[in-house]
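These are the structures in question, set out in turn.
The same subunit A turns up in both complexes below, where it pairs with subunit B and then with subunit C.
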Partner chain A sequence: MIPLSIWDKFKKIKNDDWKSLLKLSTDFQSTYYFNEKTNERFGFHFYATLVDEQIIQESALPALLTKKFESLDDLHRIVPIADIHILKNPRDIEQKLLNGYVLVTLDSDKNRFGFIAAQKEIVRSLSQPEIEFSVIGPKEAFVEAIGQNLNLIRKRLPIKELISQEYTVGKLSKTKVAVLHIEGITNKDNVDTVKQRIKNIEIDTISDSSNIVELLSDNSNSLFPQLLDTERPDRVAAILAEGKIAIIVDGSPHVLIAPTTLIEFFSAFEDYFLNWIVATFFRLVRFFAVVFSVLVTPIYVAAMTYQYELIPPDLLGILVTSRRTIPLPPILEALFLELTIELLREAGARLPTKVGQTIGIVGGIVIGTASVEAGLTSNVLLIFVALGALGSFTTPVYKMGNTIRVLRFPFLLFAQFWGVLGILFCFCILIAHLLRLTSLGRPFLAPIYPLRVADMKDTLIRAPLQKMYRRPHVLRTQKPKRFNKKKAENPKDIDE
Partner chain B sequence: MKKWICVICCLFILTGCVQKRIIDELNIAVATGFDPDTSDEHLLKTTFLMEIFNKEMSVENKTVTTTGDLRKETLYKANRQAPSPIVVGGLRLTLYNIAIAERGLTAYVDAYQRDASIGKRIYFATTDSNTEDIFKGEYGPQGNGSFISDLIEHNIDYGDLPKTNLTLFMRDFYQEGKDIFLPHIKKINEQEIELAGISLFKDHAAYKILPSDKLFYFKLLVDRYSRGDFSIELPDGEKVAIQSIHSNHKYKLDKKDPTNITIKIKVQGNIKEYSGNNIDDKKIKEITNFINKKIKNECLALIKSFQEDNADPIGLGKVYSTKIRNFDYKEWKEGYPDLNIKVDPKVIILDTGASI
Partner chain C sequence: MQSQTIPNNLKISPYLVFYVMISMQIGIGILGYQRIIADYAGHDAWISILILGVYIHIVLWMMYKLCEMVNGDIITVHEFLFGRFISKVASFAFVLFYITYLLSFILNFIEVIQIWMFPDINNFAFSVLFLLLAIYIVYGGLRTVVGICFFGTILPAYLVFTFTFTLKYADFTHLLPIWEHKFTELLQASYHMSLTSVGFEAILFIYPFINQPQKSKKWAHIGVATTTIFYTVLAIIAFSYFSKKQLENTIWATLSMWQMVQFPFVERFEYIGVANWCLILLPNICLSLWIASRLLKRATKLKQRKGAILISAISVIIVTFFEKGVDIERFNQIVERMSFAFVFVYVPLLYCLSLIIKKVKKT
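== the complex of A and B ==
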């Protein structure tokens, strides 16, 4: 890549000398040809690694060699490529070349530059969603190329109101970031906020959309992700139609969705493909699993250390006998097991897939049983910790899963310090934090607080599609109604 | 920021203020018993029953007996005999020797309402014998404390024992217009124990034991059945067993003369066993009438005896106090033996079984 300061050098050099700096790169190529009709010399200058040579050889070069080529204006006429620019300012050369254009110079027209688009797109083919996999429903997932991702969304929302506006973020990486919304539905303030924040980003490189999440978040010190990321084009399309904003970042297979709410992180998109009763049941199971996962070990520690009165008499014998031989106090026992599980997860994540699976088995079975047999941990706690870990894996959004895993450690400490009272205290802190949290200025806990009963149709429960005829209140959309409720509720069969 | 540093500092400094009680380093008492101190030096002789859990999940009964004037005093004296501190948060049952109960329970219940670690659904009961002897028997694999409290619990749910626990006991203990009663436990031998009836109290002191065969009628008067059983011998010598009994009762005061009170009892049940031949509609009517009469007579006899003893375990004083303005309890109590109490039972046989 050419260093940033190159433009300063450009200023000093004359029009004819612009090549000398670019030539420092070995993949920059300049070649000269003569037109057969006019015998004029013209030059092709491009980064060989950025352009598709097939386009040059099959479309551009034959036309320029054989057809009459007298001035740069002829490019529009004779080259069968739509994206052709003719510019006068040598400032544009750098940007155009780096964007994959071929610079055409004509010896008789030295003050102007012709550019022919010949970008080479190295894209990977579409694959199945891996993080948000669903058994039912579309199997397409986003890839790294912004154009292809946009294509996947536009195919699902073929309306002219779907607006995509592109920005460049990162002084060095020049990452393309596209902001998508539906004109006439999405709240203008939200769109403006996103645009403003993207314009204000001051950073050198953007590696992934996760960087954008961090830079766009209202509170970047929060454990909770405030922008939803998804790899499913169908989810993005559905959420755009709901009146939210999507942010596509070039080079990232995850598209961001804003504003979002806490509840949204616990709804898998597959919920919408299942019968609403089944989906509601699964959602409730997921919520229960998350609460269980966060609270089960802290409650164990609190009950074991302070509040033995809480334990039902029938359970007392089991707990006392399982703990009798254990030398560690409950907190160390719990931390030992929780950290073991975290180690297993971390080791599994860092290793190649095949080795990772072995680690899971070795860790789960060998370490678990061995530590119980060695008398380091009680088997009751082992069950709780394992179930808790399992519960944290049920969150459909990976980042929220991580948050849930971290969340139980402060709870554990408070349980050790103050027992059940400590758990309550920690819970109060958590709730206070969540209440203050916003996503693009919209409340993060909506619709639970502020309570919007109409929005509850898509929270803990997933109401039938026809009942969800309103867009969420909290988004303050320009068109609050999705469709005509009466028509949706009274469909007419052909024989009626 | 300063605020947060303060809060976090407080959290860490205050951690030592909560007393740690790690579960396997405790002796959790499941039952306590109070006996009269034979040497008469102290007010209380307390027996703590602990359940020691063995590796194979079986339960061993361990008792510690001490004397003292306060309940807490006996507790810390008991700790001198225990390998780890005895705690009372796991109590399920408290037994009173009937000799103690006859003296009055006022001195013994105070600790129960002050100690927040004691559950409010534990059971109180009285017993004939020494409570230490009762706790030293071997009644079942679950341990004696659990055995006796389970015995009381299922007799409340499915049997003839009116609902009782610490909350209800405290309510009746302190309110005007109702005398308390407690289940009465009797030890048969080292392996067996039974619910012998209920002990009736007058002014916080036990005065009489109501045998268990009268319990059905007593429960009809004070509580309701949701799933009871009952069998009765008919005048023609046949016996009939009635199951799934539902009952409730209502008190009706005569508006003109409130000394007339009618207790309306509604009983519903199914005939599950009959020693005679077929049951037809006529027979059902006969049985219904007979049971009606039987309930009426037995209940009236119970009430009569209560009136004669000037005790009010049914809680009629409470009924009056809710229905009469400017109710004067003392005045009412004087007139209680002369109240004209009627019982109006209504028995409904819902079903007589599958094959007729």
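== the complex of A and C ==
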């Protein structure tokens, strides 16, 4: 589409000038009709691709043709559509037309313009969450349309305190961005920070909420995502109630959550639907998987290159036997396999699902066994690398999974430099980096540092729902308590 | 050089002082202090640790009194007592003190690595990388530095359990008879324990950064007491595990004890132990760097960022000039004297002086 900001060049726009540029698009239509009662000529101007013609034909046009239509003010009275504006400034025309309004002009009233809302909403139907799938729990996921997403959230939080404020971001894309919070719970500073940062965004197009993540992050050079994105309306409703802020971006099926902490990226929302002991167990498994996934190949490299004394004799025997015929040093062997896994993942992600599956089988079985048989890699390392890859896929948030996968490469390099010492050194770097990270100015490592024992109820463990009667301290909410603890527990004595 | 007011969002919670104390006290000395104190007081040396521990509490109490007097750090104390010029001189002295402190950590750690892991590790490369990391942390402000203190205490805490492996072979009769040595011998051992126990003087410099410093007092004392108890227990374990002759020949007693640790998946645990020291030393180095660069800023108006880089560069240059072994031994002796003089002699003197000067000023 032609950028219409050329409008601004005209200091005074004559009332008919607005047409000259619009006419260049073939989907822009102008038609003229005569009112049956007054015989006034009026014009309909709209982008055929943006408006719903059914609305025009069934509601707007019959009314304007048959009922008495003398001045533009009559629009409010005779057209059965609520969203009608009458404006004087020709500069507003462009924006309204592009937002899916129909411009109504009246020959006898050339200084004013009437607008009738007739947006065509192309929405896809709700589908199941694909990234954050859960066996138990709600099965609806967000879609691309902002209105529908808001509807999904409002249905779960039918309270007037749920405030949504809309902004337009992007000079060309004019993307709608809505900031949601619950008045009276959410910390005001946090809300203001988000709003201020959204207002300050200077960019031409926004393609997805991921763009907003990058632009809102405290440190956009970090490997770690600092805003959580989710496709689950239930999760968004829950975090809003917790006192956080949700950001909906039009055209993106992922809603952003801020501020977040590192721990949150490892908690699946399904945890809250399971028994708390089971959920805690799963969480611990997940944490172990992540640590294992990052460290296992580096430790292999460290032990095989420098500190083989670390490994007990029996285990060392197995390792040495498996490595006996391998011509490559451990680091190359590890890099070879790790990169193979990354290749498989990347190929699988870029291909259609069915072909992707085939690639997975070909890669996993054929390349794996073949490289071991060819003597390029040891089968022990193959097990480690495969397990490590599996571990990295257990992170419930996709973006964090990517981070975890990249994270092992610096560890590998340091392991090659200084063995176990290098791994620990790299770990120190990681901790230092995480300590410096903030999400909307709130510490990213909370509640571990700064330590808040009360907030630990929803971290490595998932405490019973009734024990989590306080909102996280780190959010500094206006109402620290969620519900009355005593009422919820309702203790009964043995003989009652 | 007015003591600037610190914005609240840069301050740390009082309880974090606990971790600062522990992580600053536990440094390189813990790896081999047992032999040194046993040289003077034999199997009674654990009493010396307790004696020193009591003295540390008194000194810590004095430090808090000094800081409370002016509601600022030790430089403000100097300014209050002796005027601006002396306080500037003192700042420079402390900058030098912390640079040597920092050097002693890096040099000793490199030595440990050379003896236990990599005989040929490059002094230059290692110190550059380590200090770059320290600079990165210092750039995050005191909150990040204290965060490193926190993790430097919490994460390696599991190592405490590894010492239980030696209990199987411990013979506690080694400790008997109790109090066989002269009191002067015990005091001598206490003196040589001092380098291992210092670090808590950091409170003199971070005091203005503590939120409600009154509340932090309790935590500081608990922290110091924890370290003292830990040192005592570790010494007792070492004395009962090693025979007297053995201990005389064991430079790194703590590391040697790890040779007893065995897991089904780890054969030689001391490698992991030494590697863990990376994380334990990091707080010491970072906080030293932070203190030195901040003092430099207060004395010369040099930006703290630039100061941190300058100090690190100087440290790296000095580290590359050091030779193995003898040099470091001599250097450690200097650091020991210096830290003892500062923490255990100068601070009490300063406290007494402050009482007198306050009286004089009143009248």
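Keep this in mind: the second predicted complex is superposed on the first by the 483 of 496 C-alpha atoms of A that agree within 3 Å, B and C clash if a C-alpha of one lies under 4 Å from a C-alpha of the other, contacts with A are read in each partner's own complex, and residues count from 1 in each chain.
Heads up, the rule we're going with is that a contact is a pair of C-beta atoms (placed from the backbone, for glycine too) under 8 Å apart; a residue touches a chain by one contact, two chains touch by 3 or more.
Every value quoted in this text rests on a predicted model; they were computed, and no experiment measured them.
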| item | value |
| --- | --- |
| Fit or clash - subunit C, subunit B, common subunit A | clash |
| Touched partner set for A:Leu315, first subunit B, second subunit C, both or neither | second |
| Subunit B versus subunit C as contact partner of A:Cys428, first or second or both or neither | second |
| Subunit B versus subunit C as contact partner of A:Ile239, first or second or both or neither | neither |
| Partner chain in contact with A:Arg436 - subunit B first, subunit C second, else both or neither | second |
| Touching partner for A:Ile146 - first (subunit B), second (subunit C), both, neither | neither |
| Contacts of A:Trp418 with subunit B and subunit C, given as first, second, both or neither | both |
| Contacts on subunit A seen with subunit B and repeated with subunit C across the two complexes | 306, 309, 311, 313, 316, 418-419, 421 |
| Subunit A contact footprint on subunit C (complex, rising order) | 13, 15-16, 113, 117-118, 121, 129-130, 133, 136-137, 139-140, 144, 147-148, 150-151, 262, 264-268, 271-272, 274-276, 278-279, 282 |
| Subunit B residues within the subunit A interface of the complex | 11-12, 14-15, 18-24, 26, 28, 30, 51, 53-55, 57, 59, 87, 89-90, 92, 117, 119, 146 |
| Contacting residues of subunit A [partner subunit B, same complex] | 303-306, 308-309, 311, 313, 316-321, 323-324, 326, 329-330, 414, 417-419, 421 |
| Residues of subunit A touching subunit C in the complex | 306-307, 309-313, 315-316, 418-421, 423-425, 427-429, 431-433, 435-436, 445, 449-451 |
